[in-house]
Amino acid sequence: MAATNPLGVELDHYKWGFRDPEKYVFKARKGLDREIVEMISSMKGEPEWMRAYRLHSFEHFTRRPLPTWGADLTRIDFNDIYYYLKPTDGKGHTWEDVPEGIKRTFDRLGIPEAEKKYLAGVGAQYESESVYHNLKEEWEGLGVIFLDTDSALREHPDIVREYFGTVVPPEDNKLAALNTAVWSGGSFIYVPAGVRVEIPLQAYFRINAEKAGQFERTMIICEPGSYVHYVEGCTAPIYTTDLLHSAVVEIVVKEGARCRYTTIQNWSTNTYNLVTKRAVAYRDATMEWVDGNIGSKVTMKYPSVYMVEPGARAEILSVVFAGKGQHQDPGAKVVHAAPDTQSSVVSKSIAREGGRAGYRGLVKVYPGAVRSKSAVRCDALILDDHSRSDTYPYMEIEEMDASVVHEATVSKVSDDQLFYLMSRGVSAGEAMNMIVRGFIEPVVKELPLEYAVEMNRLIALEMEGSVG
Amino acid sequence: MARGSPGGLTRATIEAQSARMREPDWVHARRMAAWDAYERLPMPAVTHPQTWRRTDLGTMDPGEFCLPSGTEGASRPRFIGTIAREAEQRSGLITHLDGGMAGSELEASAVQQGVLFLDLATAVRDHPDLVRDVLMATDSWPGEHRFRSLHAALWTGGTFVYVPRGVEVSLPLVSQVWLGARGCAIFPHTLLVAEEESRVTLVELFASATDGPRTLCSGAVELFVRTGAQVQYAAVQEWGPAMWEVGSLIRGHVDRGASLRSLVVVLGGGLVKVDVESHLLGAGASSEMLGVYFGTGAQRVDLHALQDHRAPGASSDLLYRGAVKDSARSVFSGLIRVEPGAQKTNAFQVNRNLILSRGARSDSIPMLEIMADDLRCTHGSATSHLDDEQVFYLMSRGIPRKRAAFMIVEGFFADVFDRIPGARVRSYLRARVAEKMI
Amino acid sequence: MDEFIRVATLHEIPPGSAKRVEAAGRKIAVANVGGAIYAVDDNCTHEDQSLAEGPLMGEILVCPRHGSRFHLPSGRVLSLPAVRPVATYPVKVEGDAILISLEGRPGQGMPHKR
């Protein structure tokens, strides 16, 4: 049994803390302790093993220190967060509570009324019912499972159990331990062998799920020969008072399968966005991460691909934008653990108004990963003299028959380019926009069309006032 | 073989040293303050995990070594003969054996022009006004990490170079440092001050015995390149396999319109961890940093370079080429840091690595921290193995495989080797690379 | 040579625990799973780290640094960030003595397949 149970957590070790869970009256409160973890599990009606796993992870979280590198996380007060159940004090948010800046952005991005309210957390679920139902029939017919992770655990516990924690174990880092203890929501996607899901699956389509949970746990399993493209997040700013967003995404791409995961993140500028995203790619499998980081006060996330069998490939594209008060520390990790594997990383970052944008990456080549090739390219635009751009690429090469290259440049928008465009009658602001759009184009062109359009509009918005 | 003084490295060691060298009070006081820092600080892996985690010092305790007790019976390193023969190629020569100065000479015309080239112990006594304000003069020095404070407390056998304003020293000055005493530690300190508009080249050669128990070197080189001056500095390190060089530093301060070219060659030692820094402090300063490292056997080489732009219009250019073979491991980490206000900076960094055997490992970490916007800054790193096509081409011309591989590796390093001043030194190094290829 | 070397006693490694032993210059983690003894290379295949220092959960040894899990009987790696299985060593128990053969076998099995 233990051989197929990767969790290995001893159930006996984690007995119930109180005698009669169903009858316990729980009051919503801030902070995290064993009792809250037990209540989360109990309220969700989870199987024993998940409850024990949560408790094991919670204990690890309490012992594990924060990372000593990256952005400054020392100001996060883990006790100032509601991990489960916020108090209902009778005062929900209303549209009036939403900050003006956010409302204006919605207008400029051309987002329809109902969606605005949904995104601002003040309205009913975004009504995409009919669209959703048609799509749902189609993928269910193919045998594709696409649910929120809580439902997946209830309806497909065996599959969840087989994969949960096998790509990101709770002891991986402190935030992974936290997520494993308190996770709620997220997407679960299972694509059977040979099935190609042609339309991108989007988090939007998950009815009955929180729109943007703090501690989402997403799992994607692609059986051999399958294909799926999952899109999460949106360019519109998520208005939330949540301080911390700490998600975990685990992806398994088996033989000959391909998975693309697109994220556009525009969390409000008081949020810490700390995410562990990792994929493992088997023989001839391909994993693609496309990442847009625009919002949040602090982002630390390093989408990773572990290529463990011959022919596996990884591609990681990211656009990073850091404005006033923001510290974006994203990156990429590629691990070559088998022959004939290839990886390509392209990072485009823009820093302005005192923002700090970075790239932190790892290329690791194990002995035996012969004929592996890796190419990393990081370009940074720094738009004024009080912003900051960092690049920290680590290359650890233990195989002589491998080729690893890395290039990075940092510069400002060249005066020559600006002048040229302006001499053709383009305004200074629009010239700047065009140049920046061209700069990020290699990544943006990989986004689904409507996102690309929104992304360009959003960058233009963010850039306002950056010339002159 | 000369033996070390008993008792390890302690506060008493410093007292004895200062007394023996008849050091001025200010020197002694600084040593003691540094020793206090040394006793307080933990080993650097604790305080600087990111920069020290790739090189495991194990249970090594610097205190277990001793200073060499003297130069009697010290054997001569083989390249001293080589350099001695090249008298016409240099302006001066200073030799340090087992931590003590064993001779110095400087050509007459340089002496006449006021150039100073002597051991540091003499300099602190005879020319304190020139030394006091520059010798490890920042308060932060001892606290940087444990080996820095150890060095500041125990520096031995140093070289002082002073070039007055406008003077040009036409041929290189050469210093050689040899450790033959067993189980000892040396802390050589080189201090070079090139006044405004002066020109000088300093080449330093380091070597130690080819056998014996572990020895330690934690050295430092401070180069002050004043306005408009031009300095070339080369450090050629050929330690024996028992030598651990840990926490060494080459630090250049480059003022307005001045230029510094530094070149570091790392071929020997069991474990070598060195920082090479250029601080561009004045407008229009420039720095060229070249490096070659070749690890074989079980060698560990860990080099950290810093291009620190603190003034506008400065330029820095770094090229480090390394190769690893057998089960050796190399780490190159290079940071280009551009401070706010350092506009119109041009900064470039290139690291190239060749892995020549299964079992060898190369880590490359080129980093950027940019806080100005009007600049051009790029870095690149590439790691690969011998190009099969190139090998095949040479073999098809009748060249045996081993020789072909050597030619390619020699070509790989040529970019940097060609810039080493001194033909004899260059050919000596080529021969050493050839030996390592076998 | 199929020689078994004595490396520890049952006394030293009670059920539910693991210990590092050194034999012929190699570092080996020996674990007691409810009386059954297993031996694997005492180095996580992800990064330099002793597995014997990590918790033992049933037949699974967990690397204390990042949580990679290894199935002791087969050496199979069960979770990332490790992606290579760990080598196993045949074990014999004679009385209180634990003996292992240095003829290690490469581990078999990846996280999502046997």
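The first chain written gets the first letter, and so on, giving A, B and C; residue counts start at 1 in each chain.
The working rule: contacts are C-beta pairs under 8 Å (C-beta built on N, C-alpha and C of every residue); 3 or more make two chains touch, one makes a residue touch a chain.
Note that the structure is a prediction, hence the values are computed from the model and not measured.
Across A-B and A-C, the chain pair carrying more C-beta contacts is A-B. Of all chains present, the one whose mean CA position sits nearest the global mean of protein CA atoms is A. Centre-to-centre, using mean CA coordinates, chain A is 45 Å away from chain B.
Between the Cα centres of chain A and chain C there is a gap of 35 Å. Not a single residue position of chain B touches two or more of the other chains. Put simply, chain B touches chain A in their complex at residues 49-50, 340-341, 343, 353, 355-385. Put simply, chain A touches chain B in their complex at residues 68-69, 367, 380, 382-412.
Taken together, the chain A residues at the contact with chain C in this complex read 2-3, 5-6, 8-10, 163, 165-173, 252, 254, 278, 280, 282, 306, 308-309, 335, 337, 366. The part of chain C that touches chain A in the complex is made up of residues 57-60, 62-69, 71, 73-74, 76, 78-81, 83-84, 110-113.
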